[in-house]
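Note that chain A is present in both complexes that follow, paired respectively with chain B and with chain C.
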Partner chain A sequence: MPSLGADMAFGTLVAWHVKPGDHVRRGDVVAEVETQKGVFDIDVRQDAVIGELTAEVGARVKVGAPLATLTPTTEVAPPPTPAPTPPPSVAPPAVTTVAKGVHDIEPAAGRLRASPLARRVAADLGVDLTTVAGTGEAGVITRGDVERAAAQGVAVLPVAGGPEVAPASPAEPAARANAMRLAIAAAVTRSKREIPHYYLTQDIELGAAMAWLHAANESRPVTDRILPAALLLKGVAVALTKFPSLNGFHLAGEFQPGGAVHLGVAIALRDGGLVAPAIHDADRLSLGDLMRSLTDLVRRARGGGLRASEITDPTVTVTNLGDDGVQAVLAVITPPQVAVVGFGAIHERPWAEHGLIGVRPVVTASLAADHRVSDGRVGSQFLAELARLLATPEAL
Partner chain B sequence: MSIVTLAEPRAAAAAPQGIRTTYRDAVREAVRSAMRSDPRVFLMGEDVGKYGGTYAVSRGLLEEFGPERIRDTPLSESAFVGLGIGAALGGLRPIVEIMTVNFSLLALDQIMNTAATLLHMSGGQFNVPLVIRMATGAGRQLAAQHSHSLEGWYAHIPGIRILAPATLEDARGMLPSALADPDPVLIFEHALLYNLEGELDAGAGAVPIDRAAIRREGHDVTLVTYGGTLGITMTAAGQLAEAGVSAEVIDLRVLRPLDTGAILDSVRKTHRAVVIDEGWRSGSLSAEVSARIMEGAFYDLDAPVARVCSAEVPMPYPRHLEQYALPRAEVIVETVQRMVNPHAA
Partner chain C sequence: MTGQDVRRIVLDAIHRVAPEIDPSSIRPAERLRAQVDIDSMDFLSIVIDLHEKLQVDIPEADYGRLTTIDEIVSYLEARTAATPRSR
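Let's turn to the complex of A and B:
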């Protein structure tokens, strides 16, 4: 069971797409898993033969517990190391050849499993049990798990005198939305508690970019037109290749560079909440491919079918709140990432240049970054590079 | 109640002037001492006289006290337990020995319908100061008919007190307290314990028969047991200590009425419990203990109560199968390890 988010403790197996003996190729979808954030496709990370399906449909499986055994079809490969980029948090490889552990799999309960004592202690300490990973038998949350979570300050519910929030069953939409709310609450609370953010903003003039985009779209079919958002994403992805300290993870007290740029794109969902799945290797995609990836990602984020790798892989996040006209967004970093880039609306504004005032399309770009990993100087150079790239859109 | 309270059962370990003895000799000494001090006390049962008792507990007593007070009986448990009830009603203090627990079933009507009920059915007019001793338990290749642990059954019955001495102190001290009890008391002596050797205080005497004892203190898990399984439980606790797990061992001692407070106090400290019971699991004393923990300490539990019991089969005769069917220290250790640290094993 892969971790589809730093705050994920369990996933419910919704469907198997393979059976024992099937040959699968890297990237094939083998199963569907439901989490607080919705239903995701689980893809394998190597060519392999499916051995035993150790988890049954409906089982609620702890992160890290095996779902199935598989044998790599390429003999050289030692049992799976994670994909090129480290998945967030403590997530082990998506699907591994780990021997079957019957105690790690629990029957579908639809109910969070915690000992009576753990529940009592969690209530006393204000710890949200849905954010605690259980280490007890069959993944049950024990008192020790709650106390460790409290000590680490993870996902403590706001103690506003409100009623205790019961763990939600992912089965019902309302409950799912509530569960997602809790998950987001846990993630941003952890972020704001652990990550010393610094914020920078820069107004970027997009006259050349918009003109170029307009011209480029003239020759494209309507369905294939490129939106400004895609151009901004491409600019961010390319700029990040020069600033590795903004692209990666802060794990176990140290920075681990992300390597490739897997751009997490924040997508608001219709019934509330949001996800930020990755566009893989965004810096190397053509604008057209990136636009198609973006469209596809938004569709699947809202309609279902996101892949586990898309949830686990983002090395940085971009959030664009321009649709409603907001001028700038100072965003919250998604742990364990170390930066988030925000865009407001592209508005026509008075713009002074060479002693003259003109009216130009302008966007305010922002950067929120982890000060443990990078300093403001790096951040400002990144934004300057982004502005430079967007001034010469044909190079993107 | 009028029992004589001497040392706390758990404090009896440090015997400054201990004498080397066995469980068997401690029981015999308890019988002898009671008969010497109270002329109303007598012993009867199958082969307790000339043969000296099937487990040799009464060897030598016939010579000392004579056939009036050490009485061999016909092979009819119903008859001689009934005799004991009558004698008790008539003012004597009988000790009835039933050879092994399976034969007590032949006297079940006397025990359950007469001894246990007379006080209540007579409106408190007639109490039955009867003591019944019997051997219980498996482990000696006596096969399916002579290896039961039915003390849990008897602990179901209101009106009688059920004792399970597991130490030399209790073997010596429970009998006088039982004789002092105005109501029926059944003492279950695990047959494997008769050869248990150790030091016993020369002045050892009556012990309380209303409380459990903590045989080993700990803070990670509570091991609840009694009688014949105390030994393997202590062994398991020692092995767990080497593995860094601190186990508290509770010897129930008294199976009816249960010392619920002692169990709950311990579980509230350790938050985990394993019940070790040589009886079969279904409908057993271990089930009762588990239920009481759930009723009284649910919100202190950090794991479900676990049980280590005998396999639910008629006891096998071959030694290896019999051993496998019985609770073992290694199973206790595994159970606790899984409970305390499920990912280590």
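Let's turn to the complex of A and C:
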């Protein structure tokens, strides 16, 4: 059971996608696990043969406890080249097109609306979904509704997330939101207790970047349009390659560089809370690919189907709160990461240059970093490098 | 395609990104983003959805004219009338 959050203690096994004897390849989804933050796909880290499935569907499994035994096959049949495998964030269509998750609903009006999890539980319990009243968003039938229907009035039911955090409640969405709130509370409390943050901000003039982006988008089909957020993410990822002490983990009293830049992107969920899954190797993606990864990640964060590796891999986080108009965000580091970069709104502001004042699009970028690992000088050099990169967007 | 059809397609597109909102509760003459939690990624999703359903291209430069449902519907009606659909 992987840790899918700084404070996750247990996960509930929702489904197996493999059986003993199956051959799996690195990145294959083998199981689904539900946590306080929703349902996640569990992908494997290496080619292997499935041995025994030690956890049963429905079991609450402690973080670190085995779900199954795997026998790696890489020694037997090494991959043809040791080259890095493609970023797993670009998931195969077979996985990404199958939307799953507790928030997922059928878009067509008039059709039965139930989350995929509720459908599966209903099938397992033999519950006819047409007889179940939905209490979720827009009347969507949730797993809790199905379980209540199956129990026919039994008040206390096992609620996903565990008894410590999720009291038996008549409204599952409220319980889920509460569990999410508690998970976030635990993570930020640990962060503020353990991590001595320092904060830096820098206004970055984006005249060239926005002009370049508008021109690029005019020649792109609407489906390939790039948002300013993608450009900012690319700038952060490339800048971080020069400042390894801002990219990695503080574990067991020492800094472990992250190596690759796996950019955690803070994504607000529609019913409250947030997740920050990774765009893998963001510095090496083209702007178009990064935008596609971002779109895909936001869709799956809100609709279900995030992978365990996306939750566990971020080496740094970026939070972009500009959409609501705030000027700057001084963010809280996600442990055990050592830095978080924040962006406020891109607004037109007076900007002085060469003795003249003009009106330019400007964004306030911020860095919150772990002072045990880096000093303000490094942080300020990072923000200067970010500004330099964003001044020549065509090079990104 | 009637104005009602266009309006229904617009409401469907909004519902797809914001399933928690009952589209009929949105006041069509008031700013959409003041009533529905929509970020720039959601707005782009809506634009792509409308493009696919109506074969209308919506340049970024026009985003500023699309702040209410009424504005979006009349914009799309003008565009669908001006550029006959190929299919």
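What we mean here is this: the second predicted complex is superposed on the first by the 300 of 396 C-alpha atoms of A that agree within 3 Å, B and C clash if a C-alpha of one lies under 4 Å from a C-alpha of the other, contacts with A are read in each partner's own complex, and residues count from 1 in each chain.
Assume contacts are C-beta pairs under 8 Å (C-beta built on N, C-alpha and C of every residue); 3 or more make two chains touch, one makes a residue touch a chain.
What you see is a predicted model; the values in this text were computed from it and never measured.
A.B. asks: Using the touch definition from the top, say if A:305 reaches chain B (first), chain C (second), both or neither.
C.D. replies: Neither partner.
A.B. asks: Contact-wise, after the overlay, does A:257 reach chain B, chain C, both or neither (first, second, both, neither)?
C.D. replies: In the superposition, A:257 touches no partner, neither chain B nor chain C.
A.B. asks: In this superposition, which partner touches a larger number of chain A residues, chain B or chain C?
C.D. replies: Of the two chains, more chain A residues are contacted by C.
A.B. asks: Name the contact category of A:143: first (chain B only), second (chain C only), both, or neither.
C.D. replies: So A:143 only meets chain B here.
A.B. asks: Do chain B and chain C land on any of the same chain A residues, and which?
C.D. replies: 103, 137-138, 140
A.B. asks: Sort out for me which residues of chain A touch chain B in the complex.
C.D. replies: By the definition above, chain A touches chain B via 103, 115-120, 135-138, 140, 142-144.
A.B. asks: What part of chain C is in contact with chain A in the complex they form?
C.D. replies: Touch list, chain C to chain A: 12, 15-16, 18-20, 22, 37, 39-41, 44-45, 47-48, 51, 57-61.
A.B. asks: Using the touch definition up top, name the residues of chain B that touch chain A in the complex.
C.D. replies: Residues in contact with chain A: 271, 298-303, 338-339, 342-343.
A.B. asks: Going by the contact rule set out above, which residues of chain A touch chain C in the complex?
C.D. replies: Spelled out, the residues of chain A in touch with chain C are 103, 105, 107, 137-138, 140, 214, 217-218, 222-223, 225, 227-229, 268, 270-271, 294-295, 298, 323.
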